[in-house]
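You will see two complexes here that share subunit A, one where it goes with subunit B and one where it goes with subunit C.
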Partner chain A sequence: MKHHCYIGFFEDEHELLSAVGVCRERGIPIVDVVSPFPVHGLDDALGIRPSRLPWVTLFGGAAGLSLGLWFQYWSTAENFPIDVGGKPWDSYPAFVPVAFELTILFAGLSTAFALFVRSFLWPGKKTAPGLEVTTDHRHALILEQRDARFTDSELEQLLHEHGADEIRQEYGDMS
Partner chain B sequence: MSTTFKMFQPSPVRMRGLATASILGAFIFVIGLFVDPLRAWSGYLMAFIYFVEMGLAGGLFLCALTLSSARWATALRRIPEAMTASLPYAFMFGLLLMGGVSTIYEWSHAAVVEADPLLKGKASYLNGGFFFLRLVVFFLLWIWLTRGMVSVSRRQDHGDDAVLARSRFRYAALFLPIFAITFSLASIDWIQSLEPHWFSTIFGLVTLSSAGMSGLAICMLLVVYLRDRGAMRKTVTADHLDDIGKICIGFALFWGYIWFCQYMLIWYTNMPEETPYYALRHQGSWQVLTWVNVTLNWAVPFFVLMPKAARRSGTVLTRVAIVMLIGQALNLYILVGPPLLGDEPIYGLWEFAPVVGALTFFLWCTLRALTQAPIVPTTGLD
Partner chain C sequence: MVESIVEEPLITGDKTPADVTRDVCRPLEGKPTRLWYVGFLLALSTLALGGAAVAYQIKTGIGTWGLNRTVGWGFDITNFVFWVGIGHAGTLISAVLLLFRQKWRTSINRSAEAMTIFAVCCAGIYPLIHMGRPWLCYWVFPYPNTRGPLWVNFRSALLWDVFAIGTYFTISLVFWYIGMVPDLATIRDRATGLKKKIFNFFSLGWRGTARTWSRYETACVLLAALATPLVVSVHSVVSMDFATAVIPGWHTTVFPPYFVIGAVFSGFAMVLTLMIVARKVMRFENYITMKHIHAMCKVLVFTGSIVALAYLTEAFTAWYSGSKYEQFVFLNRMFGPMAWSYWIMVSCNVIAPQLLWIRKIRHSLPAIFVLSIVVNIGMWFERFVIIVTSLHRDFLPSSWSDYVPTLIEFGSLIFGFGLFFTLFLLFCRFLPMIAMSEIKTVLPKRERKQSVDHGEAA
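Take a look at the complex of A and B:
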């Protein structure tokens, strides 16, 4: 689906936040905000639901932990018991470092993969054109023009008023 | 941000309550000296270390915030600053500790050292005179550098200029390595030398993580207290609490990690000169306390603060902070108690009163220091 979008670029995250607040107040649809770093309070300002990603991390970590403990138990106590320093075969303190590392590994990787899948970031995915500066120092606020209540110049003026130093119109798929 | 100087005034009733509890603790310690000197001095040692650790944690946080140019915590900076105000008192308590050296440290007896080749070899370092000298040097360094950071930070209230910022940065950069070395040596002097045959190269980190935990618990208590009833009502946001909660998870992990590092290596290698330390702590009821210790200091902060909603709630943070303070007192009891109190844990008034007295006196010092400067720094805020 093709959209008619306005993109405002901001140097300052406080101006970005106030612009987002005003847009939400006036019911102007926000397609997305692209930022080079996490902006404190942006989620609240955009009214985004709390992310479900931490659950993936939790389950990934739990899976890594149980796999680490189980595999070490199975290999050293069941499948191929070896006497190490006269300690019992199921010496759990010795399993902890590996299980700990696997917890972190699984939690980290599952989070990253879940994020990629959920945000449709697969290999070969094309970047949205013109937003390269948002990986460096500028924030982009993307508004959609689909409501006859707001004229083009009104949107442009709103972005200007809140400190956008560059405004661009795009026709295309911005998601 | 307007530059009004907002001052903080704690309620006189609360200050009187804290002062009374501290005096009561000191009083019970003095009685204990006549009834059971060994238990009184071991209680005193725990209280002393508890008190020093919290004050130094303030210095450490201040140093970390300064060196990393952290802006998120500028509004909260007065709290670690105020915590360092306890260090001169800690120095006084350190001098008093000299009175108990012969009661609690076996290396202080010439006859014992003479009969023991290992202690004889360590005597050039572990002896009363050098012990005293080190204690004085440690405290003078700590007081000098923390005072430096705090006084520069207060001068910055009257105009933030590059010279002052640089000066604070210098104090902090000097504090970091000096603190790392002196604190490590101090914990070996005061705690590890209770068992002079035993050694652990990670011991400085064990106590450092404890200091971080108890210092952070005090910060959490004060931040929520000052937000709910004091002058920080408008400055402290849920985001601040969230950040502090995250640091708290980090410190709980750090504490658990270091605790387990020391335990696992000694358990695994099973060398006769190292294992007695844990053999002593894993017999009878001491073992139960060891598990409670890990639960209070690692499991509770880690799991309770995991959900975002919990970290943003002042009530939850306060409760976790109280659990951590109890946990750290217990941790000190397990560090100090077994060699002095014997095969089974004994816990009574003589151990309890000095520790509670130290905590209340620390809060008294900190709250009093908080009244001496604007509660929120007036420059450097976002």
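Take a look at the complex of A and C:
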């Protein structure tokens, strides 16, 4: 989708936060905020709901645990039972360490995988040029101009008032 | 972030986020210093020398070591436990201190985690070469085979080790990499040419949008919450290699906590050794300040005291158990033919770190540096004492034996150090040693450009 966007660059995260607050208040659509580091309070200001990643971790962990317990039982008690020091075939206490490690392994890997998939991050993904400074020291607030209620100069002034030290207009895909 | 007016700031030198990027990227963008080259050559030659010893041992066989029928574990397993232990401080700093919201960790977590990964690499070498036929190492995994299929023995502590160390390495690597993605993107955006292409590949197209950051922070906390019990389990499982055996001196229930705290102790000593050198060589004095060094000294004296308590507990239990075999092993440790190793261990691990109570010593970098190396030596000897002194005089006096390590074993000892320092120096040269995106969140508040009060956003 093609946008007509205004990008305001901020040096100070507090100014960014207040600008975000005003935009939300006045109903100006915010395409995105891009930051060099996680800004405390930005989630609330933008109304981002807490991530559902913990569920992935839970299910990944549960899968690892069940796989670990089942496989140890199946291989030691069913598929090829071997008498080790007269211990019972289904010696569950001895299966705890491996089952535990597999729980952690599956939970961790599935969390990482879900993070990358959900955030559309993959090796070698191309990034659009123009926002290099946002991995260094500046925050970018990207506003969309699609509403006749806000004139170009109004948006520009709003960004200026809240301390944006550079304002750019962009036409194109800003994801 | 609430700031105290009494406490010193975490990062000194009035840094802005732009300064942080510049300072941390500097070593990656310029030519390395002469000191780096000297260190790298030294590490590389150590690696080559140790590598030759290891290659000779693999070609000729385990007989090149000084092990015998009584002392079946010696230098090799000592090195293994030593290196696994070193890794633990990295996870403690990156995961446990994240959960406890200890902000000082941000300056050192990246390099401490790198240390963890390299230490686990070194640790993995030793059981591998101890197999004698390391090309058959895949036998430790339960894979379908034509021998039944014959599965691995899930009731063996040695197999638990395979899973514990494997999981530990994987999760540490993932955690380290995820933590580095935003910084790799920073480097990508500054680089040109081939370097840009490489960093573009590994930075996964990271942009740092608000939603991604939100998800990213959740993932980091989740991984930290997973890594915390993991790190405790890893050295517990390593200790069970000993504790599940019936050898007096090994067969004790105190082993898991004793090993875990010893691991943290030795790991922090190694972090101190590395950080004291790195902050100087890489000119990171404003990021790794005396405050960080002090915090690590406190951890060292705390864990050192628990280690001392563990030694006392062990000795007390041996006496109180009434088991004459247990009592003999401890008397033999303290006063037998290998008593020297026991007393090296006690003086390095119990007495030396207590010097850190003295303010003057805590403020002297050379003194802390020497102490951190002393603790490393002591912790290596701890594993040596546990392994060798429990074995060399066993139940049958007719099979009592001495253990004299061969030159090849010394070679495999320095192989670990060569590999570790080679990897660490490469890391310092090619990857951001300090987590930039995290440091930028703990910078002291700067003067606002405008006098308008925007309200406290903290």
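Just so it is clear, the second predicted complex is superposed on the first by the 162 of 175 C-alpha atoms of A that agree within 3 Å, B and C clash if a C-alpha of one lies under 4 Å from a C-alpha of the other, contacts with A are read in each partner's own complex, and residues count from 1 in each chain.
Methods note: contacts are C-beta pairs under 8 Å (C-beta built on N, C-alpha and C of every residue); 3 or more make two chains touch, one makes a residue touch a chain.
Remember, it's a predicted structure, so these values are computed and weren't measured experimentally.
Participant: Answer with clash or fit: subunit B and subunit C placed together on subunit A by superposition.
Facilitator: Result for subunit B and subunit C: clash.
Participant: Considering only the touch criterion stated at the top, classify A:Leu102 as touching first (subunit B), second (subunit C), both, or neither.
Facilitator: So A:Leu102 only meets subunit C here.
Participant: Given the touch rule stated above, what does A:Ala62 touch, subunit B (first), subunit C (second), both, or neither?
Facilitator: Neither: A:Ala62 stays clear of subunit B and subunit C.
Participant: So, A:Pro50: does it touch subunit B (first), subunit C (second), both, or neither?
Facilitator: A:Pro50 sits against subunit B and subunit C alike.
Participant: With both complexes overlaid on chain A, does A:Leu121 touch subunit B (first), subunit C (second), both or neither?
Facilitator: After superposition on chain A, A:Leu121 lies in contact with subunit C alone.
Participant: Just to be sure I read the superposition right, which of the two partners does A:Ala94 touch: subunit B = first, subunit C = second, or both, or neither?
Facilitator: A:Ala94 contacts both subunit B and subunit C.
Participant: Looking at subunit A, which partner touches more of its residues: subunit C or subunit B?
Facilitator: The partner with more contacted residues on subunit A is C.
Participant: A:Gly41 in the overlay: touching subunit B, subunit C, both, or neither? Say first, second, both or neither.
Facilitator: After superposing on A, A:Gly41 lies in contact with both subunit B and subunit C.
Participant: Same subunit A residues contacting subunit B and subunit C, which ones?
Facilitator: In subunit A, positions 40-41, 50, 54, 85, 94, 97 sit in both the subunit B and subunit C interfaces.
Participant: Which bits of subunit C are touching subunit A when the two form their complex?
Facilitator: The contact residues of subunit C facing subunit A are 1, 16-18, 20-21, 142, 148-151, 153-157, 159-160, 163-164, 166-167, 170-171, 174-175, 178, 181-182, 185-186, 188-190, 200-202, 204-219, 222-223, 226-227, 229-230, 233, 237, 240, 436-438, 440-441, 446, 448-450, 454-455, 457-458.
Participant: Under the definition above, what is the set of subunit A residues touching subunit C in their complex?
Facilitator: 11-15, 17-18, 32-43, 46, 48, 50-51, 53-54, 57, 61, 71-72, 75-76, 79-80, 82, 84-85, 87, 91, 94-95, 97-98, 100-102, 104-105, 107-109, 111-112, 114-116, 118-127, 131-137, 163
Participant: Can you check the complex and tell me which residues of subunit A touch subunit B?
Facilitator: Residue list for subunit A touching subunit B: 40-41, 50, 54, 58, 85, 93-94, 96-97.
Participant: Can you list the residues on subunit B that touch subunit A in the complex?
Facilitator: Spelled out, the residues of subunit B in touch with subunit A are 239, 260, 263-264, 267-268, 270, 306, 308.
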